[in-house]
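The following pair of complexes shares a single chain, subunit A, combined with subunit B in the former and subunit C in the latter.
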Partner chain A sequence: MSTLTRPPKVATDSPVRRSSPRRAGSRGARKGLLFALPFLLGFLATYVVPIGYAFSQSLREKKSSGLGFGPTRVVFTGFSNFASILGDGDFWSSTLRTLLFSAAQITVMLGLALLLALLLDGVAARTVRFFRAALLIPYVVPAVVSTVMWLFLYSPTGSPLLDLAHRAGTDVTFFGGLNTYLSLGNLLTWQGIGFNMILISASLQALPRELYEAARLDGAREWRIAWSVKIPTSPGSWC
Partner chain B sequence: MSKSRIRPRVLVPLAAAASLSLLLTACSDDSGSEASSTTKGDVTLEFWSWTDGIEAQTKVWNKEHPETQIKFVNAAGDTAYQKLRAAVNAGTAPCLSKMDGMNLANFAADGLLTDVSDFAAKYKDAYTVAAWNAVSPGGTTFGIPMGSSPLFTAYRADLFQKYGIQAPKTWNDLIAAGKKVQQKNKNVKIYNMAGEDPSTLVDLSWEAGAQWYRVDGDHWVVDFTSPEALKAGDIVQQLVDNDLASSASYADPGVFKTWDLGKTIAMTTSTWRLPIYDTNFPKSKGKWQLADSPVFDIAKPQTSSNFDTTGVLKGCKHPDRAAEFAAWLSSTKESLTALTDSVSKSGLFPAVKDVSPYVDKIIPTEMFNGRSDSAQVITTAASRVGEQWQYGPNYAAMYSEMQKQWGQVTKKQLTVKDMLTSLQKWTVDDLNRKGIKAVAGS
Partner chain C sequence: MLTGMFSLIGRLQLFAEPLLLWQIAPESITTDFTPMMEIYDKAFKTGDYQYAAAESLVLAVVTGILAFVFYRVTNRNMS
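After this line comes the complex of A and B, so read on.
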């Protein structure tokens, strides 16, 4: 027992060994801190400080005087800026609108991504690679490019989609009322579906194949396997 | 189509800049510390602009004026005004920068400009009264006018003939002509008003002689509901009520097809748009004609204009030299001749009193049928810009507020009069909240 607890008898007397266990711990902490320092400094300077500054500014207001084109001064106004925002009906209706829209759009997008991932999981590996890359393209297209592309696709005057629709004799528009939200949702889904599909697909790949075999032996068909095995056991991508 | 006041793309950065300014300007309280007297010796001034052809002109100036060297910076980009604000607050601002009239008032109200009234006074006579108003919000001069874009009308002469109407002399004529076109073809409109762009109302109010903002001694009189303002509002209301205007959005890349294909047959336009007619109206080339903008009062014809200015920023150590350069750039024959030449691609139209030497070069003659004197129309427009219009200290914020309500107006959910009444209250409240003295006018 004593041989186990006693430090091994090695001749070198490095400072590390001489220090007490407690001091060694604090020393380790210091080293750790040293390693974390570059990140910590960056984090403080570009994240914590600006947020703190923004918060302190949010308690202040700029005041002018006279005709408003002279010098300005900044006064402390407490939480009055917050009060006026929270009392603004537009703020609440836009928040609600955003929440509702996100709830619908994210649900649809994840549902489609899951469906695609399950389909991919069932086909041969070579085809998987092709479809994965193809569906990821919208995600890697720079936002500037996709913005311009959708501007033209949705343009009330120049859209090729509308042109086709009109030739087919229908009178659809992309904007106005519910259509605005559908158009917007379509765009976001187009952009996000590939990335989400990759995440889900990766977690499906990681599932042990034995599970499927067991399910098959029990007589489950592909849809049953997907529903009862794949979806519940691949939670990694759901959060 | 009077999209000259503000272009949608500018609005996002503008809103962002407005909110950012609250953040950034807070630690630099005092502004506009009176700059010292006449500069002696050699100096170098920084100048931000994003107008084509300006850089070449600064080189010409630099060659002739070794004592005042201009360091040109091309600040093109959606965030130019944001960058400028940040630079002022960081103390690294240029001495001069391009800005439009609305932003000049906005910057001045936020204490980001230098009062150059004393140095600039001697250049005043070269420019039109309306142009000088644009650089002197509240009576204090913060810059030098650069260019103007007076409004006039362009119309499809072929289609006017087809529908049996004449170029409207007054806004009431325009309404009558629009109704006549509607009787013949429901799908053809005489005018366009985009749901995101309330500039039509601004232009009409300016032309009707309204003063949304007016200085009266030590305070502002805010008047969105004066008889003149309501007269302008009434025309807009009639355009909406009778479905006389199309609703093509300027965010739509194909917006110009509306006119090129003849769905809308007239527009309010201006000098800055003349150079792009070629590209935008390939099918209707040679079928256009220019006319004076419709007026409210034949006896006192007025139009409106957007102004491009050169602002002198806070922290500029040599405002006298800055004003001297800016005035040279935008008022001397040497500089204006070069800038208005189509080679420079500046799209600039001068803000000086006599524009006649510069008009001919900017007219794309192949666009017009040659039956009206385009040069005369442009010169007339430049000479009759209403001199009463002023930008108040919260004009930019008011404009965003108006934009919110404008969409409802074009959708017939809100009347113009109700919008004007609510803007009146909003503007007075907002000014008072900022500590600025303001009262409602009516």
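After this line comes the complex of A and C, so read on.
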């Protein structure tokens, strides 16, 4: 550590240093590793090791000895778990259900987020700041908390929404059939829309303003600019 | 399409929301509503850690493949 306290030498007047760039490189690498160590340890302990453990567990199965009354033992069975998952209808149907649901929900959510981002892109900076913060609140609220909040709104007993609907003379339910997916989709869209809007609006702001001016000179209205300039040219984050 | 990719990965890991909603709608949200709920059910209700571990790895691989395909498709559209 004494090297750190010494005043740094100028590279040009120390030919010895210049002649050994490899050693300097490996020292730099060691320093880099030292800086990365806190992350690396956490990553190994909470990511790599558990996955490795899960993999080693997945190659085993619980077998009860005797006629099923004896103590259970965990025995190595190779890939038999994976083989039975391939034929597991429950697992694949839940995966497929989630995928189909996600496809619909993500399309709606990103469509709305894009619409909001385009609207925000068109208004004054101070308004933008307010709406951006307001729309980001659902994202900042922990998912479980907001779910519990919606749970009360959806609840068959004591939901204020159901109460209102009842007073208006209609009977709605939030669950059963397609309604389950609509309720869940509404909740997830509410949670995710702000964050996605921020990403999209950041990519919209990265666009050069000259493009808009050029479009305006060509006589394009705001929504035409949005449709033909902003959406096709905004890079990366959304298109 | 970064937003789509993040959303897709997040949705495949959908867990807490349906699990909580299950309390008020146990007949429409089943215990295997999403793959994560199915894994949770296998591991901590049935007690079959080994099968659940294998399921979670399969889900990780499926998610990886889907994310890769999604990335490929949307990037081709871009250029």
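Throughout what follows, the second predicted complex is superposed on the first by the 186 of 239 C-alpha atoms of A that agree within 3 Å, B and C clash if a C-alpha of one lies under 4 Å from a C-alpha of the other, contacts with A are read in each partner's own complex, and residues count from 1 in each chain.
We adopt the following convention: a residue touches a chain if its C-beta (ideal position, glycine included) is under 8 Å from a C-beta of that chain, and two chains touch if they have at least 3 such contacts.
The shown structure was predicted, so the numbers you read here are calculated from the model rather than taken from an experiment.
Looking at the shared chain after the overlay, A:A113 reaches subunit C, while subunit B stays out of its contact range.
In the superposed model, A:T127 makes contact with neither subunit B nor subunit C. Using the contact criterion defined above for the overlaid structures, shared-chain residue A:K62 touches subunit B and also reaches subunit C.
In the superposed model, A:P156 lies in contact with both subunit B and subunit C.
In the superposed model, A:T46 makes contact with neither subunit B nor subunit C. Subunit A is touched at more residues by one of its partners, and among subunit B and subunit C that partner is C.
Legend: residue contacts after superposition of the two complexes on their common chain; A:S26 is shown touching neither subunit B nor subunit C. Touch criterion met: A:R73 reaches subunit B, while subunit C stays clear of it.
Of the two partner chains placed by the overlay, neither subunit B nor subunit C lies in contact with A:S228. Once both structures are placed on chain A, subunit A residues 54, 57, 60, 62, 74, 90, 148, 151, 155-156 are touched by subunit B and, in the other complex, by subunit C. Residues 51, 54-55, 57-58, 60-62, 74, 81-82, 84-85, 88, 90-91, 93-95, 97-99, 101-102, 105-106, 109-110, 113, 143-144, 147-148, 150-151, 154-156, 174-177, 179-180, 183-184, 187-188, 192, 196, 199-200, 236-239 of subunit A are the ones that touch subunit C when the two sit in their complex. Across the complex, subunit A is touched by residues 22-23, 25-27, 29-32, 105, 108-111, 137-140, 142, 215, 218-220, 248-249, 251-255, 257-258, 392-394, 404, 431, 434-437 of subunit B. Against subunit B, the residues of subunit A that register as touching in their complex are 53-54, 57, 60, 62-74, 90, 148, 151-152, 155-159. Subunit C meets subunit A in the complex at residues 1-4, 7-8, 10-12, 14, 16-18, 20-21, 23-25, 27-29, 32-35, 37-38, 48-51, 53-60, 62, 66, 77-78.
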